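Data first, discussion second: the structure below is written as structure tokens.
Labels run A, B, C, D, E and F following the written order; every chain starts at residue 1.
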């Protein structure tokens, strides 16, 4: 049962010119990761969308924040688990393996975050991300206070909400287009 | 029962400096709309986030696309109805009233999009947005073909998926922060 | 996109004779409201049903009760929001605007009752109505005690349950027949 | 485990005077059924509500209609099964046993209507009632046409919708008040 | 509306030889119950499956345990109510009537277990079974502690989980094959 | 974040004597797999349960059937994905990797079976397993015919239903006890 090697299930011609900044960015991906993540190749059909995606992604996932990079990747996996997004589970599952050095932790977050024995701060963070994804209308002061109790500032909560919400965006773009992840992720950091 | 005039339920200091481009952008909003939408004032706590939001929003909602601006606003309302997002229903409900000149259409999309007697193309568009929001795992070739049958190109489908997915992001940021819309929207275009 | 002006999507001849009491009642509606609400015109296909509806409606919504008329209209809107009933949201949304003088309150109850900052008594009332609508099996002594704590007597709770349950009836008649509200409601009390 | 003999879990004094018509009606119940159904004893706390209930019930369930009395009782059971309403399942389950002479049919409708091998007309009727109860927003022309195909007129569909919707009302009154059925029903027509 | 007398909706030839132990077991059923339960006749298509089912069933439902036989039958009914399994509700509903001598208790567990006024131990047991059936991911230490508070040992909890989980198996075999119960159950122990 | 090494979250003493057959069986596991799967160690608290589990498991998963062993393992994974059962996803995910030689296939079935491009027979099999797990009441002749169209006999359908239903049993035992899989599975067959 050989699996699909398409990027997305939409037939859209490649953009002729991505702009220097994006050409440089994709080259840097190739150099540092050994591949260009398929989400970037997909958004490269439309240079302005690619630029917006890269800038938003980098602000949310890589810029300084009260949330560690691992915590942000854990949120990405838990949201994608709720939405059953194959692309993001493969790509961000690998990121959790890489950042945590703990492949079992990544598997737990992919399959059922509740079985992971997390420190209270991380438990509060992933529970918030799960609730915001599956029952957004139910989030209120009680849910924010559960985070404050674990030491998150209001700016941290904004970052957490922003990251969790963002993967509800990317998960749906991946579902709608049947975007497939690069096969290289599977073997990394096992 | 006077209602809240807060922006968001998070206590975060204002950024000291938004950058010239963002200062100019907010001034233009004030000039053209008579107000700065609260979502911008909220994201202005964090200038990089504000810039990302503005650029992404403008690409998705205002740039040339096979989807009309009204169709994109209809998608925004239907997604926000599924997620019961007060901020986006108020703000984009007003946009549908303004662009369509049909206040009843906006009310139908807010309350129950199924009661609207839409042309087949618009019916297919809003049904796709609803399904991608409420059951993202179920979207596949059949759902994309229902759009192609109505004349959407694959590039149009990408735009539609991107817009519908994006409001699943903003809806959740608004829910998590209890963001309140500017009161001016309510009376406009009735 | 001109919207439908039909009453209901069922082709049933008008009744020949409504009876003097109902003729007088409809004439009074015309005189006092400037229109006959479409739900009455629809039930007028069957005079006994019209009479039952009018009597039940008037007992529940207009007769003396420990619940104010505004509270009963708020319940009507919140139940109809849960069921996404276009007819009742339009008609009773207008009633909340008229009785409260607060159009934003009506919008909040239509779109997402949780964002409204209500006094504790009204919060308890609309939460009970929402739960009885969406998860009727879960209502028990705890839910009734939450009302008693806010000063509702057991007779008030009976009235509240009766009103909330009744709109689960009318919402479904409206859904099943695709009943459309009078267009006059939209502009009133904005 | 002796079970409760209360009427309802609300402490409301009995009405002093039900009116001659209602006194006569309850006496006739006692004479014909050997009991006064508890729903009537509960509504008798409030004479106007009792009168409205009796008149509406009798129009819907006993007046001439294109739907047989058995069909209307089958709808009552299927709606109450969806809502898991103990009172109505016990009372109307007995009615289906009595009218059909088929206790297994009643059990199937109580437990899982899908296992009953019904004639196509009755299958269409109970499927419509189930859908209108559990997913009211999804009822449209296709669902009405499935009934028309089985010979129902539009007036019959109005009656069916009215009956199915009505039990969504009574089920919720019973849930909210924890109304208990008369124990006599259990042994009848087995 | 004569109902089906088939065992299951699959056309599979009978096994030629069940083995002496199974022949003896079925003969004993006939002798003691006056019938061979249809689930055994269905599994007799495949002797190894029949033997596994009989042994597992007898260990779970009849062997010594900290849970009484009635408690185990109550769990069977509540799980089957959540899954709306006609076969198991009929067969185990009869068992609850027989073991408890309380037909109303059985009806309550079939229709809506929440209306039964149970001793705290039995309430905790059936609530656990309901949750494990409908929301298995949500069961954790809090749910186990609610049982320990009522005096269940950890070995009792294992038995309870095993019984509740097992009926999620048999319910689905019955649904998938449309297995019908022996008609004799209906009249027994009313 | 070191993860738990407990078997289950229940404190039950080990059985003193498993019986010769079970001692031999566990020794054979150790020899052939290099470990005793934790589910067997957990059931070994109760020798009769262990024996029943082993015999049922071996009949369902290893005995001759019209379904291949890989197909049966695919069903195990898809059911466990619907129920989000960590134990079974880890253990049977490894089995799919081993039997198929295709680690990506296993990941797809764990994360979202819909993204796997399966031959029509396997697509029908896993879709049936998913539906029987998540909406058992909806399985009927149409769902069985979708399997017959792909060449499954009625005996094959019985086997498929039995396997899919069985993992709804084991998944819930694992959830209720928080059973943890042997860590060895994670690195195997990547």
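One rule holds for everything that comes next: contacts are C-beta pairs under 8 Å (C-beta built on N, C-alpha and C of every residue); 3 or more make two chains touch, one makes a residue touch a chain.
Note that the structure is predicted; figures quoted are calculated from it, not measured.
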Most remote chain, CA-based centroid, reference being chain A: D
Numbering shared by both copies at the chain C-chain B contact, with half separating same from different: same
Chain A-chain F separation of Cα centroids, rounded to whole Å: 29
Separation of mean Cα positions, chain C and chain A [Å, integer]: 44
Chain E residues counted as touching two or more neighbouring chains: 84-85, 112, 137, 140, 178
Chain-level touch network, classified as line, ring, star, complete or other: other
Every chain pair meeting the contact rule: A-B, A-C, A-E, A-F, B-C, B-D, B-F, C-D, C-E, D-E, D-F, E-F
Chain E to chain A touching residues, read off their complex: 137-138, 140
Parts of chain A lying in touch with chain F, wherever the complex brings them together: 1-4, 81, 84-86, 89-90, 100, 102-105, 107-108, 110-112, 115-119, 122, 178, 180, 183, 186-187, 190
Touch list for chain C against partner chain A, complex: 112, 114
Complex interface listing, chain A residues touching chain B: 9-12, 45-46, 48-49, 51-52, 55-56, 59, 63, 83-85, 132-133, 136-137, 139-141, 144, 154-155, 157-158, 161-162, 164-166, 168-173, 175-178
